[in-house]
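Dropping a structure here in structure tokens format, bear with me for questions.
Order of writing sets the chain letters: A, B, C and D. Residues in each chain are counted from 1.
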Amino acid sequence: MAEPLIPEDFSVQPAVFVSPLKWHLAHTTWFWEQFVLLPFDEDYKVYNDDFAYLFNSYYNNLGKRVLRPDRGNMTRPGLGEVVQYRAHIDAAMQYLLQKELSQNLQNIIEVGLNHEQQHQELFIYDAKYILGHQSTFPAYGNAFMPINEKQEMAFIAFPEGIYEIGYEGKGFCFDNELDRHKTYLNGFEIADRLVTNGQYLEFINGGGYDDFNLWHDDGWHWKNNNHVSAPLYWHLIEGEWHEYDLNGLHRLNPDAPLKHISFYEAHAYAAYRGMRLPTEAEWEVASHSFNWGQVWEWTNSAYLPYPGFRTAPGALGEYNGKFMVNTMVLRGASIATPAGHSRPTYRNFFHPDMRWQYSGIRLAKTTR
Amino acid sequence: MAEPLIPEDFSVQPAVFVSPLKWHLAHTTWFWEQFVLLPFDEDYKVYNDDFAYLFNSYYNNLGKRVLRPDRGNMTRPGLGEVVQYRAHIDAAMQYLLQKELSQNLQNIIEVGLNHEQQHQELFIYDAKYILGHQSTFPAYGNAFMPINEKQEMAFIAFPEGIYEIGYEGKGFCFDNELDRHKTYLNGFEIADRLVTNGQYLEFINGGGYDDFNLWHDDGWHWKNNNHVSAPLYWHLIEGEWHEYDLNGLHRLNPDAPLKHISFYEAHAYAAYRGMRLPTEAEWEVASHSFNWGQVWEWTNSAYLPYPGFRTAPGALGEYNGKFMVNTMVLRGASIATPAGHSRPTYRNFFHPDMRWQYSGIRLAKTTR
Amino acid sequence: MAEPLIPEDFSVQPAVFVSPLKWHLAHTTWFWEQFVLLPFDEDYKVYNDDFAYLFNSYYNNLGKRVLRPDRGNMTRPGLGEVVQYRAHIDAAMQYLLQKELSQNLQNIIEVGLNHEQQHQELFIYDAKYILGHQSTFPAYGNAFMPINEKQEMAFIAFPEGIYEIGYEGKGFCFDNELDRHKTYLNGFEIADRLVTNGQYLEFINGGGYDDFNLWHDDGWHWKNNNHVSAPLYWHLIEGEWHEYDLNGLHRLNPDAPLKHISFYEAHAYAAYRGMRLPTEAEWEVASHSFNWGQVWEWTNSAYLPYPGFRTAPGALGEYNGKFMVNTMVLRGASIATPAGHSRPTYRNFFHPDMRWQYSGIRLAKTTR
Amino acid sequence: MAEPLIPEDFSVQPAVFVSPLKWHLAHTTWFWEQFVLLPFDEDYKVYNDDFAYLFNSYYNNLGKRVLRPDRGNMTRPGLGEVVQYRAHIDAAMQYLLQKELSQNLQNIIEVGLNHEQQHQELFIYDAKYILGHQSTFPAYGNAFMPINEKQEMAFIAFPEGIYEIGYEGKGFCFDNELDRHKTYLNGFEIADRLVTNGQYLEFINGGGYDDFNLWHDDGWHWKNNNHVSAPLYWHLIEGEWHEYDLNGLHRLNPDAPLKHISFYEAHAYAAYRGMRLPTEAEWEVASHSFNWGQVWEWTNSAYLPYPGFRTAPGALGEYNGKFMVNTMVLRGASIATPAGHSRPTYRNFFHPDMRWQYSGIRLAKTTR
């Protein structure tokens, strides 16, 4: 994933929500050192004491440290040294994995693998953001590109009743997917495919960005304050809409699934069509009936604890629970999600103004 | 309600979320003119053309108007003229009310009465904020003061199952209380009284404001950025906690119900006690089992549409739906709520950082 | 001066640089109490202990005070009580003035009178700003209105040589006007009248606000960030320029002297005409040759200490010296300047972006 | 100068006033292409059309360009490509320099050399800022380090009278050094050496940062808002003052000249000593009497046009004149100034809050 990039791409942070790419490499490495090697391998020798501080995302637990220089523009350690750090940890992990491991340690390693997969996806978001904000719009390559949606859009109906949602099984899941529990749903219908660029263009041309009746109050202010009038990465060049994608700047493809929109835009689009976004329960219940996995799909569900949710003890407990306010749930997965990291109960979440992730729209409506 | 105040108190706006008191007087008056008198009384003569613009809170529907001066410091019209405007409308309404009214018009008048009641409560919040931010901490009077909670706190248990929530009946309700619908609840327990000042003081003295494990991530940043370390209106004077209330600045009463805290603080307090806030469905289901009405009670429910929610057409449709993101539900009522304006299905809502309203905490826990 | 206003006008502060009108009344009163009555009249009884804190503009010297409520929206004490405070101090001063006064005390009283005159002028600026930012553009009255300039503009030439500037004499002057000293001037010419609204309109219509070659770098950013495209109080209504003045909103008078422009605009206008602003030394040397006193005239001199400048000891020493950076000198006086408060050596100063004061332009050029 | 750095160091911009190091390399290269090769060498082939846009600092003259991506985090072109661009231009310049050049072209080349020298100095400031804000405080090397000042400080007196300042001669100078002109100075004394770290530490320990009587009003707010309590790059580690310098983080050397202070701090320090900063005229007149060139010396002169100043026509006219407001003059040179770029009439200037440049203090006083 890092191969198409040059060293300079790894150090910048063009927006608060973007992490320097080098930081992803180092932070996922640090995770193994901090949660696996240091506590469980008495032979392990720390690579560099400073790195424990530099690449810790859980800064709340930090504590002592006299000086606090700006971390937003970290050029040192350089990419070369981070790659060495990674090699050091890889070797130590391979050594450890040949031993017999306790169930507890196996569980932590499983969390580490899932953690690394999440950062792999964020790495793509951030790389795209960094490249897509260069004046020259350099291409990354042909990977991670969605395919066209089918032409016709149909709706699938589900009757009123008690359903169950939440993870059940022996595999890995995050704490926020538990407990599996009953929920009562009214009758609803849900689209069998995503909204496309072409459909969204109708919303733009139809004045969707100027009709406040379609928008949440917060969304209307967000749109105005940030002068938003199109999805992220869309550029109107001499009257023609273009999209920057990982393969460069090209004319907009009307048949590709729409991506890089905020929750506010998703909601306004649905209102424009006289429909709404599905709730996360509706999405999960219906998910076996349609294809998903091209883009994360905004739901109209706020990200809140399931009944019986318990925060894991210790530093890993900060993983999910503390974000359960002001964020909205996205369901599904995206073409940037690593293989094996998807499941129908997965609860992704972002603040409603975020759109540098691969996010799109599936429509729903209440059965009357 | 306006009587204890002086003209100067009516014009200032010390924070974005506060409205000038004069504006409340004029805006509720304007509502009658705009939605009742102008459309339904052909004899009605407009008091002043400018007022339609000045006292419109639905600015989105506005349209023409060349100049946009600052509205935050509106000294003209003065209080005297606003009082005259109000007398003019009162007279016109009394004249109209003697006629035979269509059902549609009766419905609009009912909305107008409820609208005015909401502003009466906001008037108290704003008056308190204005007076409580004067250097001299002037008293408003002895009205709108909560009474002490009972000493013991017990929990009431409810079993798992299908419940119904939402308004049903022939009386008035807002669109956001509809439709009444089924919901599935896991077993839970809920406190039979509110958290008191004295209990919250234990949280402060126990380091609650400094333990990030208790806080949402957004809450932690809110607290730090705004240097919050106590409820609004609490002042530590020479080692002794005082509270500004409508009757002036006094020593903190440990037995009174806690008020003026944000959702973030409510959540952190509950976590400190190893419990949680109730959901709005739990609250509504349990509400017949305890006394409520002293302060609005934060729930852990995001403010979202009920199944089957429909926005009312026209300007009144902006009333509720557009705020259904980033806000949290409060249930109950407060001592500042006008008589007859309370019901168990009422859904109040605020952004999670707001705390100038009368807001408090009722604890809940999941039955294991 | 306060007579045309209503109580509500006295409490608001629509911009940081504006003081509530009530504060001017109280602060000038406080000056007599603090610097004259308390130190020199042992019979004097303090009106209200809180007022020493509330109406102190020299907050740096303050010290202890536990609570720090917001002072930007001070409604209490109300206007009525401030007027009583003023009456109390007036009476005490009249009593004191019948005694024999030391030279030192006479000097302080003279400073107090000049201080009050300065606030009288600021009172007019602030009243105009408050009224001029009401939606209804209420008139204050016909006072403080400039008269038209003569039609022809001629230039008066001064030869190269040593000149003297700074105050000399037995009357009152501020410390920043001292010492009178020699300065060497190159030959220059200066206009015999002010720039008019009509001339400035040519600058606007000629694209002056869009040609960055005319502007300072800081001015260009100020203009863009604040969306400035005309003087303060100018409004383009249906294609016709209007000006709000103390007598209300009227069509622009092309023959009146231009007022309410920033230093940045003054500089850009002069550059547009291929000329420059005079230095303060040029202005003072030439001032006997033209009429002045309608508006304060921006010079191209930064406000800096004269050779031999000494800060006065004590609190009065904060009066002038601490503002000698980032501010530009204005010379002359305005129609809002109290009679007897003007002299050719007077050094007024403001940050270059300020324009709610009565400020205008007199052109100059270097003799080649 | 670029040699001790790694590629990542060249792309970041940790503060608005810092330019990415890569940008310096490219922009000085662009200058030759834009002002010399394109207009004067018909054989010249443009290296890359995009670079004209990317590396133009005079963006005001830009004009067409549809898209405006963020330029603050430019990773592309990478350092490698910029070095190639530089080689391309070097070759083209060497080719051109073998031809016979008009006087006009020679003049432009001379400006280009001086322009490049200025950026060489800025390169050092920026490299130091980038390295000095890494958590690991990496060293750049032993270059550009000031030497200790002599122990004793004496004052040199100059009598009242007419002096001449400004550039005269046949060499190169900037437009802001012209015309040479007469100025009248009162008697003054000026120190024969710079203020040292040790002396400044007395100011800190003596409460200089807490005594508002020493500070300009703007300086006092700057200091408080930015939590400034020591020069840039000073760190108090376990009770001991350290300074980050290009050779790393070390204990403070009390005998080295103080550097990296703002004008506000320089002024406050001088006031603390009961003295003042020299004016730029005093400095220039006295400059033959003392050693200078270790750090730029703040004067108390605002940066304003000399009598007879004329802006050069065209894009080069933006070089100096447009900054003549809100900035203060520094005189002398620093150890980072390239050889041959110093002269006593040189007028450097910065906003009064800037301190990442090598800036220091020489004291002066008025002869009484």
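Quick note on the criterion: contacts are C-beta pairs under 8 Å (C-beta built on N, C-alpha and C of every residue); 3 or more make two chains touch, one makes a residue touch a chain.
Predicted model only: the values in this text are computed from it and were never measured.
Touching chain B and chain D at once are the following chains: A, C. Relative to chain D, the chain whose mean Cα position lies farthest away is B. Looking at C-D and A-D, the interface holding more C-beta pairs in contact is that of A-D. One simple way to say how far apart two chains are is to compare their mean CA positions; for chain C and chain D this gives 35 Å. Work out the mean CA point of chain A and of chain D, and you get 44 Å between them.
Chain contacts: chain C has no residue touching two or more partner chains. If the chains shown are joined wherever they touch, the resulting network closes on itself as one ring, and no chain has more or fewer than two partners. For chain A in complex with chain D, the residues that touch the partner chain are 6-14, 22, 50, 53-54, 66-67, 69-80, 130-138, 235, 237-238. The part of chain B that touches chain A in the complex is made up of residues 60, 162, 181-186, 212-213, 215-220, 263-264, 267, 276, 300-302, 304-305, 307-308, 317-318, 322-326, 328, 352, 366.
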